[in-house]
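In what comes next, subunit A is part of two complexes: it sits with subunit B in the first one and with subunit C in the second one.
Up next is the complex of A and B:
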C-alpha cells in the first residue's frame, strides 16, 4: 500500500523529467540548425573572397563554371601579381608604420591619463572622464572636413604622417575610457601598500598598476591596432598619391585600374590586408571581446 | 621588553611629523602630477576633436573659396535642394532599419549560443564575430564582388533555382537594400557579443525560481531576461545608431551614393561636396546636420552608462 503510493508520483516525475529532457534536446537541435544558418550568412563574403583569390583570371572572367567553387584548379598567381606588379607592399608598409606609431602614442597617452583619472581624483577629473566618453561618440565623418584644413595647414596633406596625427582621435578616447575602468577595479589596498613602501606615482604605475591591469592594456592595444588598421575615412580624404597610401583605401581604389576589374587580385589583396587583424583575433579572442564589451559593462 | 616598546614608540613619534609633512606635500603635488599625466590627452582632444568641431561650424558659414562670411547661406542652399532631402530620408531609413535588424539578429544569435553547452559556446562565438573583425572597407569590397552585375554569385544561385536576376546595385531600391544588408552583416556580431555578455550576467537563480513557479520560456524572457538586459540593450542600440548613422565605408565603396544619388547618406554626401567637389564649407554644413541626432543619442548613452556604473558599483 505504502509502496504503491510512493511509486506512483515517482514514475510521474520520471516521465515528466524525460519529456523535459526530450524537449531540451529538441531545443538544442533547433539552436544548432538556426546557428548554422546564421553562420552561413556571416561567413559567405569571407568564403567567397578566399575562393575568388585562388581562381585563375580565365575562370573568373568566363563565368562558365559555378562561381562558388574553384573548378579549374587553385593557383597562387593572383598573389604573385599582387605582390610583384602593384604597390600593395608599399601600402602594407605605410599601414604598418602608421598603425605601430598610433598604437604606441595611444597607449602612452591613455594609460597615463586613465591612471590619473581612475586613481588620483583631482579637481575636474570626473568632468574630464565624462568629456572623454563624449568625444568617443564624435564620429570621424563629422571631423574629416575641418581636420582636412588642419592637416593641410600643418603641411601633412597627402602624407601618411598626417594619419599618425589624426588617428589618435579614433583610438585615444575609447582606450582611456576602458583603462579607467580597469584601473578603478584594482583594490585600494594595493596603492596604500605601495605608498607605505615609499613608491612614487610613476613607480606605482609601472610596478603595480600596469602589471595588474595587463589584460586591460592588451584589450586596449588590440582595439587601437584594429581601429587604425581599418581606418578608411581619413586616408580617403587626406591621401591621394600611391606612395603614401594605406591598405584599406589603396586596395579599394588604386588596385582598381581603368575599367578592368581584376577581381582575383583584388580579393587576394583584401584577404592579405585583412589578415593581421584576423590573426590577432584568432590568437587573442578573449582579450578582443573583453575590449569590445568593456565600454558598456565597466562604466 | 618595556624598554624596547618604549624605544619603538619614541622612534615612531619622532618619525611621524616628517611623514605627515611628506604626505602633505604629496597631497599637494598629487593633483599637479595627475594633471600633467592628463595633459597629452587634453591636448589631443582639444586640438583634434573640440577645436575642429567648433571650427567646422565656422567653416560651414563661409563661401566656397573661404573668403567671405555668408552666415547660414550654405544651410539655406542645402535645405532648398531635393537631393539633400533624399539624403536625410535615406540616412534615416539606413540607420533605423540597419540598427533594428542588427539588434534583432544579435538578440536571436546570443540566445541560440547561450542555449548551447558551455563547451561549444566559445567556438560559435568566435566564428560569428568574424564579420566584425575584417576591416569594413575590405569586406565591403567582397560584398561588391558578390553583387557584381555580370558575375554576381547571388544571381547564379537565383538563376539555378529558376528566378530572375536581381540588379543588386544598379536599381536604386535594390541598392538601398544591399547597403543596409551589408551594414547589418557587419554590425550584428557586435550586438551578439554585447547581449551574450549581458545574458551571462543574469543570475541563474532567477531562472530557477521562475521554473519552480512554472514560467514558460517566453515568460522567462519577458519578465527576467529583458528587464535585466534593458540598460545594456539601450546603450548598445544608441551606440550603434550613432555609428550606423555616421557610416561611410559601405556606401562609399559599394555605390558611392548612386544610382541617382539614392543611396547617399550624410557622410558620403558631405565627402562628395567637401572633398570631391572641393567645397569644404558646404561639406561641413552637410556633416553638421548629423550633430543633433548624435547629441541626443550621446546624452541618453551617457545616462545609461552612468546608471549601469551605479548598479555595478
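Up next is the complex of A and C:
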C-alpha cells in the first residue's frame, strides 16, 4: 500500500519532467530553424560578394554560368587591378585617417561628457543627457543640408577633414548615451572611496572610471568606428574629387561608370572595405555585447 | 591621531532636516559608534565628517582644525564602506596602495606599509588577487587594509558588516576591535545594529530623528537610559513598556500596572519618584529583569511576584522567552527553560524592581 502511495506522485513528477523536456526540445528546434533561416538570409550577400570577387570579368559577364559558384577557377585579378589601377588605396587611406580621427574625437568628447552627465550631478544634467540622445534621432539625410552650409563656411567642402568635423554629429550622441548608462551603473561608493583616497575628478576618471568602464568604452569605440567607416550620405554630399574621397562613395563612383558596373572589382573593393570592421568585431565582440547590455542589467 | 568635534552641525536636504544641530566631542583614540534606526541621520553625520556631504550649518573640526570647507582628501581620514567599494580592476595590493600612490609615497614605503597592514589583517596571501576572487569577509579586510595603510587621523566605518552573513559578522566585529586595539586611531563607526554598537564602542551615540538622544559608554546606556527611545533601542529583546500609575503605599511607593498587579518601588528610589505620585506614567523593565521567582531576587523580594497567563513560549536553548499581557500590553520575560510553563498556563513571575525605570509619557524622558 505504501508503495502505491509513493509511486503515484513519482509517476506524476516523471510525467511533468518529461513534458518539460519535450517543450524544451521543441523550443530548441524552433530556435534553430529560425536561426538557420536568418543566418542563410544574412550570409547570402557576403557569400555572393566573396564568390564574385574571385571570378574573372568574363565569367561575371557570362549570363549562362551559375552565379553562386566559381566555375572558371578563382583569380586575384580583380584585387590586382583594384589596387594598382584605381584610386582604391587613396580611398582606403582617407577612410582610415577620417575613422581614426573621428573615433579619437568621439571617445574623448563622449567619455568626458558622459562622466560629467552621469556622475557629477548638476542643475539640468538629466535634461542635457536626454537632449544629447534626442539629437541622435535626427537622421543624417536631414542634417546634411544645414551641415553643408557649415562645412562650406569653414572652408572644408571637398576635404576629408570636413568629414572629421561632421561625423561626430552621428557618433558622439549615441556613444555618450552608452557611456552615461555605463558610468551610472558603477557604484557611487567607488568615486567616494577615490575622493577619500585623494583622487581629483580627472584622476578618478582616468584611474578608476575608464578602466572599470572599459567594456562600455570598447562598445562605444566599435560603434564610432563602424559609423564613420560606413558613412555614405555625408561624403556623397560634401566630397567630389577623387583624392579626398572615402571608401564607401569612392568605390561606387569610380567603379560604376554610367550603366557599366565593374562587378568583380566592386565586390573585391567591398570585401577589402569590410575587412577592418570584421577583424575588429571578431576580436572585441564579447566586450561589445557586455558594453551594450551593461546599463540594462546592472543596478 | 586626532580628536573630532562637531558643533551645532545641521544638514538639510531642501526642507527636510536630516541632522538637527548636534554637538559631539570624540577624544583622541576613542572608538565611537553612532547607532540608530534607518533615517536617524547617523550615516549623514559620518559622511559630513568625511567631507562627502556639505554641512548646512555648524562646524566640524578634526585635530583642532575646522574642516568644513576641506575636500575629503585633505581631511586625512580613511573610510570603510558597507559595500567595500574596492576598485574592481586592481589587485588587493593595488587597492591598498592607491591612496599612497596618489600622495606620491616612495615605492618602498608603499610596499612596506601595505605588507604591514596585510600582516595585521592576515591577508598577505590575498594581495595579488582581484576583489572578485575574494569572499565578502576578505573584501572587507582589504577595505580595512586600504584604510590602515594611510595611517589617517580618523577611521570612518559606514555599516561595514551589514553585507556579511551572521557568523562572519561576529568574526569581523572581533577583528575590527582587535585592529583598533593595535592601531589606536580615533574611530567613528556607524551601525543600526545595537549589538555591534554595544560590543565595539568605547562610547555609543544613540541618534533618532536627526538628534543625539544620548551619549555614553555601553553599560551606562543599558542601565541608565535617559529617554524612552534609548531605553527601547538598546537591549534585545527590547524593554517592556507598560502604562502605570505611581501610588503611595504606607511609607513607600507602588507602581500600579493593573487592578491585580502593583509592584513596590525600591526604597532607594522613593525620594526620586515621590514628586510624580498619582501621575500617569510608563513603567519600563527589561525582559531579563522579569524572571521566575528564586532565592536572591532583588530587595523587594516576594512583593514583586505576580502571576501571568502565558500567551506564547519561545524556547531559545539556554533561556526561554515567555510572552503575556498586563492590562492589554504585551510583556516579555526571560526565564529559565526548566521553569517555563506551557502556553495557556499560569506562571509565577518576579519583577526585579532594582532595574525598573519610570518614564514621563509627556516628555518621553526617563525619571
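Operating definition for what follows: the second predicted complex is superposed on the first by the 252 of 299 C-alpha atoms of A that agree within 3 Å, B and C clash if a C-alpha of one lies under 4 Å from a C-alpha of the other, contacts with A are read in each partner's own complex, and residues count from 1 in each chain.
Assume contacts are C-beta pairs under 8 Å (C-beta built on N, C-alpha and C of every residue); 3 or more make two chains touch, one makes a residue touch a chain.
Here the structure is a predicted model, which means the values were calculated and not measured.
Of the two partner chains, subunit B is the only one touched by A:274; subunit C is not. Contact with subunit B, but none with subunit C, is seen for A:237 once the two complexes are overlaid on the shared chain.
Legend: residue contacts after superposition of the two complexes on their common chain; A:189 is shown touching subunit C, with no touch to subunit B. In the superposed model, A:212 lies in contact with subunit C only, and not with subunit B.
In the overlay built on the shared chain, the residue A:197 is in contact with subunit C alone; subunit B does not reach it. Touched residues of subunit A, counted separately for subunit B and subunit C, are more numerous for B. In the superposition on chain A, A:66 makes contact with subunit B only, not with subunit C. The contact surfaces that subunit B and subunit C form on subunit A in the two complexes do not overlap at any residue.
By the touch rule above, subunit A contacts subunit C in their complex via residues 187, 189-190, 192-199, 203, 207-208, 211-212, 214. For subunit A in complex with subunit B, the touching residues are 27-28, 31-32, 34-35, 38-39, 41-46, 48-49, 52, 60, 63, 66-68, 108-110, 112-113, 115-117, 120, 122-123, 125, 128, 130-135, 137-150, 165-166, 168-169, 172-173, 176, 201, 226, 229-230, 232-233, 236-237, 248-249, 251-252, 261, 263, 266-267, 270, 273-274, 277-278, 281, 285, 288-289, 292-293, 295-299. For subunit C in complex with subunit A, the touching residues are 50-52, 71-73, 77-79, 81-83, 85-89, 98-99, 102-103, 146, 150. By the touch criterion given at the top, residues 30-31, 33-35, 37-38, 40-42, 44-45, 48-53, 55-56, 59, 105, 108-109, 112-113, 115-117, 122, 124-131, 133-143, 145-146, 148, 150-151, 153, 156-157, 185, 188-190, 193-194, 197-198, 201, 232, 235-236, 239, 242-243, 246-249, 252-253, 266-267, 270-271, 274-275, 280, 283-284, 287-288, 290-291, 294, 297-298, 301-302, 305-306, 308-309, 312 of subunit B touch subunit A in their complex.
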